[in-house]
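See below for the structure under consideration.
Read from first to last, the chains carry the letters A, B, C and D; within each, the first residue is number 1.
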């Protein structure tokens, strides 16, 4: 029988990097985890074990550290574009270079009421993300957040849904709405102020979540995505994934107690998962 | 500005299920985690908060348990097809139904030299997986394994690779080759003996890994994929993802000791990641 | 042969609870994970399968939720004392009741520049902890934090250490000092303002970490513990555990680049682990 | 105020090691994670930043690798004793040396019906553990297993328990009994065949779990511990911790279906936690 190689790529993942920028009297810190994946004329390594065209994944790792030395890394997008460019510009046989960057945030510690110049507190599960894909046709930049835990205790209901023989869920006007937000938006052509856009979109997502009178997770997701698109003309589309991290009202009736939306069990599984992409007009 | 809803879907994830089948004197057990995702005429829930067409994710969960009651679940694929069919056949406004099933294995405990009828030992990180996607055009079944940890201590080298200014990796004729295999193969039309195919492909992947004289992870991956295709004519393509879980040889020279491939540091990050799809001719 | 039952206890772990307190126009939220462990006259259940004295772990869970209904839970310590008291006061055959509480923090979301009354952002890996042990002799309260990620980029060195044949570590005047702090302090007798003490000790630990000119992790740990004891007379001792989450300076010399403490690899393993208890005088 | 240093120790954790032993035509592999903790005359490092007595944690790591080069590591206990001895014998100011070893198992791959000489499959979540504590008084060896997932679908009930106002659990004659076993036994004086004892105790624990007609988790735990003590005279006591990983029977009555112990939801939280030590008579 004959078989043929389809889509293939290879690279290095979890290349972790801490960069310290030392201004006089003030240090800045960035902590990234970077993954590189390359596509191109690598078939001979798969089919023949001929490695002559293989840029080793160890070399990719070294390249990340070497380029980080002099790159300012003011935004993950900038550094990702530099890395993607490096592999495309130095190797004719690379046809696509994809760089995934996840940034863990550090906040300045507040000491005696002011921000400390070189001490930091870790920022939790939220990560700033970016995926840069560069081909011979150019670069595509998608950025976002993941692991952003948000919750609201009012203005969330769910009713009027379809009922079939397997439906037992009661309708509700008042439930806890909790999610672990993943957002990913695609930038258009032209220059972008990455950090400004990131802050603007992130803030818009959160504020819309807070203010929305939610009739369903779907509706709030759509409102958040729409507001994000409206807040920043540099992006063309945005995709949100919102798990519904259910908080179950505890039935205390057996114990002679009421429970007017006071005591809940937060649950990890199962969870609803609502996803959608919204595009500019 | 006007925006429009693009691709959207929603569902329930991590619906966990243990099914016990009680034969006289012998119990069988299956433990699954199931995710349901539906696509269809759900736009009004996103844009208007109109939930009349929404099959709630709680109902999806109930449906999984209700259908599990009488379905034999002899293979995850069978049960996935039944679930995907349920949503398509009962709801005209559902255009696609995707069921993801992950099975954790349990082995019979061996007691006094024989397999015990109702006691089991958990099977580790390996999961059997299946993704069933049913649309109006029919069903597509992709199955596989994930989390399958394998390692070989001989017949693995890596040399002759490209060198640039950032390359420091030494060539080697003898390294540890360790990976956490993810495989996913696509079945063609026609009836399939799911369990037989699964066992055949899994065994072929492992045996090829063991026997292959590896010149690169890429080459071994391709050999494994090719052998899997050859072993089972029911599948049309297979995709493998193989992280290279590096084992670093420890330099003991400072302590007056040699280290002829005896003492290694197994590492979790960074890791190489090699992926490819191989299709039947 | 004869054997005898030694120390035994049993209970329920990971009882998760979200409590919403609804003031007019302002919601408060607390999210706890609680574990109950009881000791007492339970030997017959172990040795004979006689369960008459067994308070089921399901009942423990129900008790947590029932007591949460009307308890204000202004501090985890208060609620823990109430739970520990419940089991001791209602069951003569319980000799010790240990309640472990871990609180995940939620911060109010800032919307349009002000704190939102009912929307929250999750607070990361840091947890506030408390362990209440009540026996017939009274109650002991130990509280703390865990998972508090902190890092400083200046004022940390390590030199002058012992050297033997296996020592290769270079001395340094300037390294990154990163840890995931666990602290646990023991309260004395008398009434305590739990929340005030918690804030005071937490702030003192962070500020001391930031300001200390560190000659070793050991020295900084001791300075932090001492300052904490000095900040709050309600506590009698404090124990700190500080993993040294090494940040390795990358050698860029092969690439013709210097690296004046700019580019580091943050590592997860192996890690140093420094622990000590400091007691009031 | 004056404070004083209480109990302190420091060391290196997660020192990971893979050792390959190459016989002609047959390779053996051991994968360990090792933690070293030392106690002794280290107070000056804490109180003064005087590191002259500090054996660095980096040196501990190097020592593990150097000693692994020529040690056969036929059992984790042997290697742990060698490591604990190294620090006590080479440094007068070390008063206690504690070595924790966790071994992840690898099974030989079966290829063409026979065990392969150098290919292995990972063994899941179960780890073999050992804690060696050496002081000037001698060595104490405690060994065990952790992460051993076991389940039985028959011969497990729970009834006749205490009922109070918060008890809602129904009695049952037939439930799933699932746990993630942690066992830790203490060896006595005298020479021990570590591997033989380990296999004997592990097998006895499993077989007793399988055969026991369980009236409570407590009773089965005690039966397992007692049988383990009886199986191996080299151990003096054994401690077991058994979470009760609840499998909830799904109520299918709303859907017109019965559920005669067929469909369950396996849950991760909350969980019961039963612990006891049993000592030789």
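By our rule, a contact is a pair of C-beta atoms (placed from the backbone, for glycine too) under 8 Å apart; a residue touches a chain by one contact, two chains touch by 3 or more.
This structure is a prediction, so every number in the text was calculated from the model and none was measured.
Asks: Touching subunit C and subunit D alike: which chains?
Replies: Touching subunit C and subunit D alike, sorted by label: A, B.
Asks: More C-beta pairs touching across which pair, B-C or B-D?
Replies: B-D
Asks: Comparing centres built from CA atoms, which chain ends up most distant from subunit B?
Replies: It is C.
Asks: How many Å are there between the centre of subunit A and the centre of subunit B, using C-alpha atoms for each centre?
Replies: The answer is 24 Å.
Asks: Quick check: how many Å separate the C-alpha centres of subunit B and subunit D?
Replies: From the centre of subunit B to the centre of subunit D is 29 Å.
Asks: Starting from the mean Cα coordinates of subunit B and subunit C, work out the distance between those two points in Å.
Replies: It comes to 37 Å between the two C-alpha centres.
Asks: Mark out which residues of subunit D touch at least two other chains, giving numbers and ranges.
Replies: Residue numbers touching two or more other chains: 16, 62, 66, 166, 168, 254-255, 268-269.
Asks: If each chain is a node and each touching pair an edge, is that a line, ring, star, complete or other?
Replies: Per interface graph, the chains form a complete graph.
Asks: Okay, in this complex, where on subunit D does subunit A touch?
Replies: Listed in rising order, the residues of subunit D that touch subunit A are 165-166, 168, 254-255, 268-269.
Asks: Using the touch definition from the top, list the residues of subunit C that touch subunit D in their complex.
Replies: These residues of subunit C touch subunit D: 1-16, 35, 37, 42, 45-59, 61-63, 66, 90, 158-162, 164, 166-169, 214-219, 221-222, 225-226, 229-230, 237, 239, 243-244, 268-281.
Asks: Quick one: in the complex, what on subunit D touches subunit B?
Replies: Spelled out, the residues of subunit D in touch with subunit B are 16-22, 27, 29, 31, 62, 65-66, 68-70, 106, 109, 111-112, 116-126, 148-155, 176, 206-207, 209-211, 247, 250, 252, 254-255, 257-259, 261-267.
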